[in-house]
Structures are given as C-alpha cells and as structure tokens.
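Both complexes shown next keep subunit A, but they swap its partner, so subunit B is in the first and subunit C is in the second.
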Partner chain A sequence: MKLDGTYLFREKREQVWSTLMDPEAISGAIPGVEEFVPVEDEQHAWRAIAKVSMAAVSGRFTGQVRMSEIQAPVSYRLTVSGEGQGSIISGNVVMRLVERDDGGTVLHWDAEANISGKLARIGQRLIKAAANMMSKRFFGNLARQIREAA
Partner chain B sequence: MAVVGKAVKRKEDPRLITGEARYLEDINIPGMTHIAILRSPHAHANIVSINTEAAAAVPGVVGVYTGQDFMDVNPLPCPWPAGGVENNLNTPRALEVEKVTHVGAGVAVVVAEDRATAQDAVELIDVEWEVLPAVTDAEEATFEGAPQLHENAPNNVCMEWDCGDQEGADAALASSDVVVKQRLRNQRLIPTPMETRGCIAQHEPVNGEYTIWMTSQAPHVHRLLFTAFIFGVPENKVRVISPQIGGGFGAKIFMYPEYVLTTALSKKVGRPVKWVETRSENYIATTHGRDHVTDVEVGANRDGTITALKVKTFANLGGILSTVAPGIPTTLYGRMLSGAYQFPNIYCHVTGVYTNTGMVDAYRGAGRPEATYVVERAVDLVASELSMDPVEVRRKNFVPSDAFPFEPNNNLLNGLSYDSGDYDKALDMALEMTGYEDFRAEQAAARAEGRYLGIGFSTYIEICGIAPSAWMFGEGWGAALWESANVRMHITGDVVVTTGSQSHGQGHETSVAQLVADELGVSMDQVHVQHSDTLGTPFGYGTYGSRSTAVGGVAVWRSLQRIKEKARAIAAHEFEADIEDVEYVVNEEGVGSVQVKGAPDKSKVVGEFMGIATSAAGGWSLPGDMEPFLDETSYYDPPDCTYPFGTHICIVEVDAETGNVDIKRYIAVDDVGKVINPMIVDGQVHGGIAQGVAQALWEGAQYDENGQLVSGSLMDYAIPRADLLPSFELGRTETPTPNNPLGVKGAGETGTIAATPAVVNAVVDALSHLDVRHIDMPLTPSRVWETIKSHSNGGNS
Partner chain C sequence: MWPAEFDYARPSSVAEALQLLADNEDAKLLAGGHSLLPAMKLRLNEAPLLIDISRIEGLGSISNNGSLTIGALCTHADIAASADVQASCSALATATGMVGDQQVRNWGTLGGNVAHADPASDPPTVLVAFNANINIEGASGGRSVAAADFFIDLFTVDLEPGEIITSIEIPAHPHEGCAYVKMPHPASRYAVVGICVVLHKDGDSCSGAHVAVGGATVRAMRSPGAEAALRGSSLDDAALDAAAAALKDDIANDLIGDMSFPEAYRQEMAGVYLKRAVRAAGG
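== the complex of A and B ==
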C-alpha cells in the first residue's frame, strides 16, 4: 500500500532538518510512543515500543526504526518494522524538504506500507484514513517541537 | 391423527427460545485450562525459529508448545481424494512445523488458567519467519513462475480430474449452429455460522479415555478420525459429544487442527482443555466454500436444443487440504452438470489447485451450487444468443417426466440415475405464481420509463441423500455413507430413538418423532430422539448433503418395521392366535395397537404402560426363544441418491443511477419428495435462499496480493440481512422418490443451490437491452453500475 502527503512548516529548512535528525524529537513525535532507545553498535537505528490504536486493533507494537539515505538537509528514508496484536507492520517513508519563497518549508512524504495479520483482516479498510491521521499527528508534533526549539 | 405432513411445532424450540440449550461455550469442567493459538500472519512463510520463553514466564501460563511437541500425532487425514486420479495430498498437522501456506495456520499454543491470560501470553511468542511470495488465484497458481507451495504438488496442482466425453463434446460443439463461450467466477464464500467452532477435551490417565465435546456435524466420523487415523487408539477410548450446535453449513463436518491440538494437550497437561474460536479466527481457520474459475462452452441448434456443454474449472482448494476438499469440486460438481436437462454431450475437466488461502471444503450445497450456476447461466446464455425466451429453452431441454429413471449422458453420474421428477410441473406452478406474461409487459413498460426490471430462472436439480457406499467408494471416498438408527420402547410405552446423524438446526427431534408417532401410533410427546453423542448412539456418518431423512430417516423406518413385526409376534403368542391373523393398526386418533383380525376384544395398545411394550419388556410370556424388549437397530445404505428439483424465479429492479439491485419478488417451487414437516422444509428453503441470494449480490472473501484476508470480519464480509430480502413466495410439488420407502428426497440445500443463478439471471435480464451478457458475482452496486456505464451509449464503449 502506498501513501503520501505533504506538510507545511513555517520554519526554515535547516531548522526543520535539525529537528528531523534529532532522535528525541522523532521519539516525541511518534503517536503513542513508550520507548525509543538506540540499537547498540548501530548508527541511526532505534528500538521502539508504541501503543497503536487502529480500527478494532489496539495495543502495543514493538519494533525498530532505521534512518538511511541521509542527504542533508534535504531528505532521508525512515524504515519501520513493528509487531504486535497478531499483526505485522513494515514499511518505509522518504521525507523530502523543499524551501519555500516565504521562508517556510514543505515536507513531502512518500510511504509504502505492508500490513499482515489481524490488522490486515479487520483494519485494512480504515488504514489509509488512520495513516493520514497519524502522519498529521506526527508532523504536528514535530512542528510544535520546532517552534519550541526556536 | 397422522402428524407426518403437518407443520408440527419443533420439539427443540422451547429450550432454544428460553436460552436453556447448552452450547459448547456453556460447558465448563472443574480444573479446566484454556488455550490460545498463535497463528501465522503470513500467507506463505518458512518457520525459522520460535521463542516461547517470555510467554512461558507469564503467571497463570500452564505451558507453551510448538509443532515439535506433537510430532507423535499423525497429520490430519484427507479421506476423500478425488476419484480415479492421482492426488498430491497435503494436510494440516496439530501445529505446523516447518512452513505455513495460509494466513491463520497455527504454529504455537499457550495453555493457561484462563482464556485472557492465554491470549495475552500468545502475543509474547517470538517467531522468526522467512516470508515467501504468495499466490491466491487458482489459475495463476498453475502458471510458470508462480510461488510453489508444496514439493509434492508441481505447479501447485493437487489433482486433475474429468468426467463425461471430451471428444463427443468437441465434435458436437464444432457442428452446432451456435456456440457461446463465457468465463464464470464462482467467488469464495465464508460460511459464517452463528456459533464459531470449539472443543473441550478431557483425558483420564487411569484408563486412557478421552471425552471430547466439540462443534461437530458428524460426531462418529470425528471419533473415527481421532482414533483410527490420528491418535491410533481404539474407538472405545474416545467419546465425542456434540452439544447444541449453532449452525454449521458444512464447515463443522471436518477434522480441524485445533480439535487434535486440544485433545493432545488434555493428555499432555493432565487437565481438561477448552478452545473456543473467536470470530476473527473463524474467518481464517475454518473452511471456506466455492472459489471456482470456469470456462464454459455451450453449443446449441437454432431451435434451442442444447447440443454440448464443455466445462473447464480451476478449483481453489486453499493452502492445505481440509478433510474432503478434493471430493467437492469433482464428484459433487462435475457429475451434476447435466442439470435438469438431457444434454447429449458433456465434458468437465477440473484442476484442483493449492493457493496461499484458507482451506476450502463443503459449504451448503457443496459443489452442486457451483454446478447449477454453470448450467443455469449456460442455458440463459444460449437463450440470449438465440433471442429465445429462457423458459422455452429450458422446456426444450428438460428431461421429460416419462423418462425416469434417467441416466445422464456420457456416464456423467458414473452409474447412478435421476430417480423421479416432473420438471415442467414445477416450472408451470412457478410461472403461474409469478404471472410471467404480465411481468414481461410490465418490464417493457418500465424500460420505456428508463427503469430496469429483470426476471431470472433457475430450474435446478440437486443430488441429495448422498450415499450409496459402494458408489462413493468408487468416487474416492475412503469410508461408507450408510446411516443407522436404534428404536426401543420402554416398559412404559415411551419410545427412544437414537440416530447416528446429527442435528444442528435441522429439527431431527421433531421430524423423526413425527415419523415414529405415525408409524407406531404413539404421541409425539412419547418419542425422544437422541443424537450427537457417540456413547449411546449407533455409528452414523453425520449430517450433510441433505441426507439425514433420506438416509437416516429410512434407517429409523426400518427399525420401526422390525418393532412392529415383533409386537405382532408377541401379541399372537398372548392371544394364542396365528401371527398372520394379528395386525398392527393405528386408528384415526393415532393410537397404535396390535389386534387379532375380527376379534376387537383381543387387542393391546402399543404405547402405554401394561401395553404390548410392557409385555415385551417384562419378558414373562414370550414365544419360543424370543428375546425380551422391543429394541431394534437398523443400518441403511440406499441404492442411489435422491434428486430434488424445482424452479426458482427472481424478479429484480436495477437502479440505473446507482447499480443497486433490489429484489422485488422471489418465487420458489421446490420438490423435495415427500414432506414430513412443511414448516421445517420452508425454514430450510428460506435460509438457503438467503445464502444463495447473498452469494449473488453481496458475499465474497477478498484476499490482497500478499494473501492477507481483507474481508476478515463481519464489518467487511457482507452476510445477508433480513431487511435486504423480500418475503419469499413458496410453492411445492411432491414427487416421491422410488429409492426409499418414505419417498423423501432431502431439503437442506435447495435454496443455496437454486437461488444464486436465479438472481444473476434476473440482473442480466434487467440489463439485456444494453447487450449485457454476464456480470461476475457478487453483483455489488459498483460492479453493476460500471457494467451499465460501459454498455450504455453514454459510456462510449
């Protein structure tokens, strides 16, 4: 399943980029995150536990988040894999920052997600809507942190 | 007063209506543990490793097991490979060990003190998977380069089976005036009984005996499979009890891994074990039905005479075989493709295919709905090609009423023949009820206003009372299919009937009691029908294929004849008369007695205390070496199946703007042979039509490209609702079968067999002025709307 969207930040690209590269900011932006710790001996990789609620499936998902293809200050890929509640989620999202004439920044994101198990059976119909809602919350949380940092 | 043929209220209903009936979930045993099963989230994957440590450490967990712990338990059997061909069989184990081939396959289990703990702990089991590419479409699975599911099944083919005459069909098609070709998809359905499956097993170490309560349509068959095939223990070590069952529709006939697992665990943990399936589990772990892709070629002459029918079908069997999976799309499908017609040339080829989907097996009608859909759509395609009335084409090709017994051509039925029928009579009655001529005028008028009305016919036949053991053996069935019954009269004159068949909604306790009441001359209240417990009932093959009355009922009837014979002999002895002078009579009030002809004072009532049953049970004065008690067991194996038939007519209005199909009227004339309880038959017909209509319009299992079941809950799988259906208009003709003394044929499946093509034919008829020839099921509004758009001038195509 492919998903995409854009998010508009008022802040400059460098500001957005430095927040995007800050593990604490990412951890703080993931909805329902309970744990976000670096994987030993590996750069740009974290072990995460998040509480996710989608359709009739709700509960903890455990997984990994990896950052790759980093091209500062423009783009990187985030690869996510998670498991829980009889379901498996895997996917990746490429985030790309474009400067705007008014000094703001547009973030374009392109994601590909695979869902197996219970979530696929009873949640698939709602996944697009849920993913959009969650991405909105994710970037909304990021934007708040950028404002707070500024 | 005779009760057979009357709409007697059901004896089982008071306990069902008041909530007194005990279903499997209601049964609890002291010390009982509960299990939760870890199921594969992947459609196709190798199991690399399973780590159960975290789950085992949860307080309240009794044990955690994987497939490795059950290697001493045999894989489940598949006792019905398709007849006469090589079958590449692959069946489930209690838990899968190396690889899974469908979402939902069990790979590990948690046993815990309570269900919630088991369900929570199962989440902590860590499985490392090697995910493999999946294929879900039966035809695509046979293509080169498709993912391979089983080493012993090249190109995923389980079996190639055929029947009829290929050369004859090809030659006839080549010389026919017209030939119509069409691809038909008979989509996958999920049976969805109200009650899901479940099992409770208790093992007694002292004597090695198991008691197994389970949701079973065939308790004796389950016991046989447990003992002889899976655990290798004698039959007397296993008692299977099927409590009140909330519907089965075929899906509860089969042996499933969870039953084996629960039973094996009861011994392993030394405590009773309970498993109750959730609805989400039911959708991925219980069998599905149908799922055929068929190419049909039908040839005809200008006058509407059909000259040949050639059918090529890919039957999707799922990732692994359920108990009788290969038998359904072969014997119960191909052999029925002559329908109600005397087609001169028929050929059918079936490829049974493994795909990364749930198991497929018998679902109400089992093979026969798929066949009827092909035949009834083919007849309509011919009518449309020749611009003939579909009624006329049907009449032209019907087996005439004087041709019975009728053996379909090309040895299609492999030696059996249609028993009796009057197909025109049922059609006439249905047309009369419909007001066919008026409808066509109404349809024309509506079209002028831009409203799309349509009428669809299904002049079906079916094969019921699935039996003759010798014939079924020839079809690859690895057992027999007779039925049994024991009838005994207690000292008080009450009658207890035990039957090897099983009731999960069919009303055996009522219809069998009606039979006994009339035959013996006792009241319905005096007759107690017991079933569903292997302890105390004689062996029987169970309830499916509309066979309980046509086979099991006849076994009851035969026991009754022996009881009556013995009652006469005892009376002759008591009255010192010749047995030839003693008759068994049931008077107008329904009271049965044995009496000496022409001597009214020498008479004894049967069904009362100190009556003839008391004489027999007392045993103080019996002729010669006669044994006491009126107690007779019969085993009945019929000479042939039975062949119910009828006409279903559906009238629809298709909304040209939205594509929504509204069923305006539904008329069904069924001939199920002699009817014991018309209310029960009507109920069966109603439920069957609802399911048949639902396939045509709404239901359909959907997998995504990775083999994930997308329609995995009742939110996404559209089972029919009462408000979507009209009030059915039912009629009946009654043509007894000569194949059994009761004249009964069977009524459990007519609705699902007949309804589906009637609805599709109606929708296609409604759109025929747009030159629509066919739409694949389910005929959802979007699919119908798209068809209308692509066929209308506005659609520009």
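== the complex of A and C ==
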C-alpha cells in the first residue's frame, strides 16, 4: 500500500537535512523503539527492536533500518524490514526536501508499506489505517525533533 | 487456539486492581474479554498477567439521577435491555443491541469497548453524539474525559497504562428524537458506516442537532458542518443534502478504507446513512 504526506518547516534545508541524517533522530521517531544499534561493517544501517502495541495486539518486532540513495541535502530512501507476531513488515520511504522562497523547507515523503503473515490475515480490515497512523506518528516525531533542533 | 501461559489475579476492588496494574508492567485488564482473549489465543498478545476486574462490585449497574451513569462492567446486553437507557438515550440501546452477536453482547462490556476503541464498533459513535463523559480512576485519583476527546485515533484513547475506566456518564440531554443507524459489514456486522443523530425540534423545524459518525473514520467524531446545516432547517430534502455534503467534508481527512470498502465509498455512504438517521430520529 502507498502512503504519503508533507510537512512544512520554518528551518533552512541544511538544518532539516542534518536532523534527517541523524541516527538518533530516526531512532527517536520510531514508535516504541527499544534498541537501535549500527550494523557492523556497514554504513547507514541499523538493527532495531520496537515494541508495538495497538488494539489487543502487543509484541516486539526486530528488523533493520537502512539509508540509501543519499543525495545531500535533498533526498534519501529509508528502508525498513522487520518481523514479529508471525508477520513480516517491510517498507521504504523516500524523503525529499524542497527549499521555499521564504527560507523554510518542505518535507515530502512517499512510502510503500507491505505487511504479510498473521497480522495481515487477521487485521485486514484495518491494516491500511494502522500503517497510516504509524507513518504519521513516525513523521510527527521526526518533525518535532527537527523543530526542537532549530 | 491456546493462549500462551499467563498469571491470573482477581482483585475485589478498584484500588486493588490499580495496585496490581502499578506492580506489573504489561499486565492486561480482563473485563468481558471479547477483544482481548481472541488476540491472546492467536498469540498476538502474550500478557504475562491478566487482572480480572469482572467481579469488582459497584461497576456493573446503571443509574439515572438526571444524568445516566453506566458502570464500566455493564454488558452490551444489559444496556440494550435497560429501561433507563431506552428512555433517555434510545440510540445507545440500539447501538449496544447491534454489537457482535448475542454471545458477545452477553460478555462484552461498555468499559472494555471504549478502552479498545475499535473504529468499527457501534457504541462510541453514540457516546460522542451524546457528549458522554468517560470516568477514569488512576493512582493519583479520578478524572473525567469527554468522549469526543477520549477517542484520539485508531485504537488510541486518552487512557494511561495504570488507569481503569469505572463508568460512562451521559448528561441529561432532552431531545425530540435520536437514532443510530449503520451499514453493517456483510460478513462481520461491524459498522462500515455508523451514524448517530440527536434532534431538537421546535414544531416542524430543527432547533439543533448532534451528528456523530463512526465506522468510516479512524475514530468516532462529531460533524459540526452537518449539525450547522440541520440547525434552523425544516429538515427537508435540501437541508439533508446540505448536511450530507458537509459531513463528507468534515470526515475527508479521517477516512479509513480496505479492499472491500474503500475510503471514497465509505465517505459517500456516510452521507446516505446520515439522511437515514435523521429520518429514523423523526426528522
């Protein structure tokens, strides 16, 4: 499924970019994150554990987060893959920064998310709304950090 | 379909239950269990401890002294059959009578229902329309939250991990008619769209209306646009068309959809069911 959104910042593009490239900011934006450690011998890749709790579902997901196609200070792709609860989630999002005439910056994000396994079978009627809410939480957290870093 | 092993505690008071919650991270409250237990059997939740609050006294009755107070442990069947509820908030009797099937209604509780906050469930829509308050106890005392603020997002409510819902209060709200109507999912009977309308009339004209929508949206929510369109109208077809259009605008950013019933379809049906709800409420 495809999801997207836009955030507007007063900060300059370089400033927004440096937060977007900061592993601590990415880690801090993942809902329920418990662990976020660099993968050995690899740049821009981390092992992550997140506790997800929604409706009566509660459990830990383990997976990897990777940055690629980095084109400073304009865009990169963030790829997430994880498993837990007998399910596999994968997704990737391209974040793009556009400078505004007033000195501010627009962040556009375009994501594609896939969920398969037990959660997808049982939660089919709500999987899209849940993915949407999680993405909004992630970018909401990221946006807050960008504003705080300014 | 066996759950993972868990511990079990059965406190006899709210204070005792709160203490157990404070001492045991990841513990879950068990009331009717009709959302929690299926998830545990599917191993989507492996709570190490269930705190069974179902036998705590004083949380299972309905009283009416001006406002209607419904204990958190009242089952959907209790509420649907209550003469007090039928008299002062008949739409809630209708909605609780539509939840799941008879077995679910006999066990599922209103407190559990609102804590779970399934967007396709029926009672929250009525509670939002009637400005109900959710009464909550926690370690630092009690608080009360308006239903419209309580339901924040999909399965997300204003309730902290250490808190317990004790009752749901519906303030006195004299009205000339109210109704809850829904488009049930053909297989699950969950609301694809659910609408609650409360009407105030002055002769043939509408002096005010509350409109709430659920099922189509991530949470139960009011529609100020539809309410404004109905207010002061004679509830003719033109007014209903305007209200339906305003409702569709109000929910545009909060729609949910799936393969069978996409967002745009639910948005359209919300307008259709609003008109049916107004007519069912006597408009």
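Here is the rule we go by: the second predicted complex is superposed on the first by the 146 of 150 C-alpha atoms of A that agree within 3 Å, B and C clash if a C-alpha of one lies under 4 Å from a C-alpha of the other, contacts with A are read in each partner's own complex, and residues count from 1 in each chain.
Everything that follows uses one rule, which is that a contact is a pair of C-beta atoms (placed from the backbone, for glycine too) under 8 Å apart; a residue touches a chain by one contact, two chains touch by 3 or more.
In this text the structure is predicted, and so the values were computed from the model without any measurement.
K.L.:
Touching A:118, do we find subunit B (first), subunit C (second), both, or neither?
P.N.:
Both: A:118 reaches subunit B and subunit C.
K.L.:
Looking at A:71, would you say it contacts subunit B, subunit C, both, or neither? Reply first, second, both or neither.
P.N.:
The answer is neither, since A:71 touches no partner chain.
K.L.:
Name the contact category of A:129: first (subunit B only), second (subunit C only), both, or neither.
P.N.:
In the superposed model, A:129 contacts subunit C only, not subunit B.
K.L.:
For A:85, decide between first (touching subunit B), second (touching subunit C), both and neither.
P.N.:
both
K.L.:
Regarding the shared-chain residue A:58, is it in contact with subunit B (first), subunit C (second), both, or neither?
P.N.:
After superposing on A, A:58 lies in contact with subunit C but is clear of subunit B.
K.L.:
Go through the superposed model and pick first if A:6 touches only subunit B, second if only subunit C, both, or neither.
P.N.:
The answer is neither, since A:6 touches no partner chain.
K.L.:
When the two structures are overlaid on chain A, which partner does A:43 contact: first (subunit B), second (subunit C), both, or neither?
P.N.:
Neither subunit B nor subunit C is touched by A:43.
K.L.:
Identify the overlap between the subunit B-contacting and the subunit C-contacting residues of subunit A.
P.N.:
56, 59, 85-86, 118, 122, 124-125
K.L.:
Note which residues of subunit B are touching subunit A in the complex, please.
P.N.:
Per the touch definition, subunit B meets subunit A at residues 39, 41-42, 103, 123, 280, 283-284, 704, 706, 708-713, 715-716.
K.L.:
Taking the complex as given, what residues does subunit C use to touch subunit A?
P.N.:
26, 35-36, 38-40, 42-47, 116, 118-120, 153-156, 185, 188, 190, 218, 256-259
K.L.:
What residues of subunit A sit close enough to touch subunit C in their complex?
P.N.:
Within the complex, subunit A contacts subunit C at residues 54-59, 85-86, 118-119, 122, 124-130, 133.
K.L.:
Help me check something: in the complex, which residues belonging to subunit A touch subunit B?
P.N.:
Within the complex, subunit A touches subunit B at residues 56, 59, 84-88, 114-118, 120-122, 124-125.
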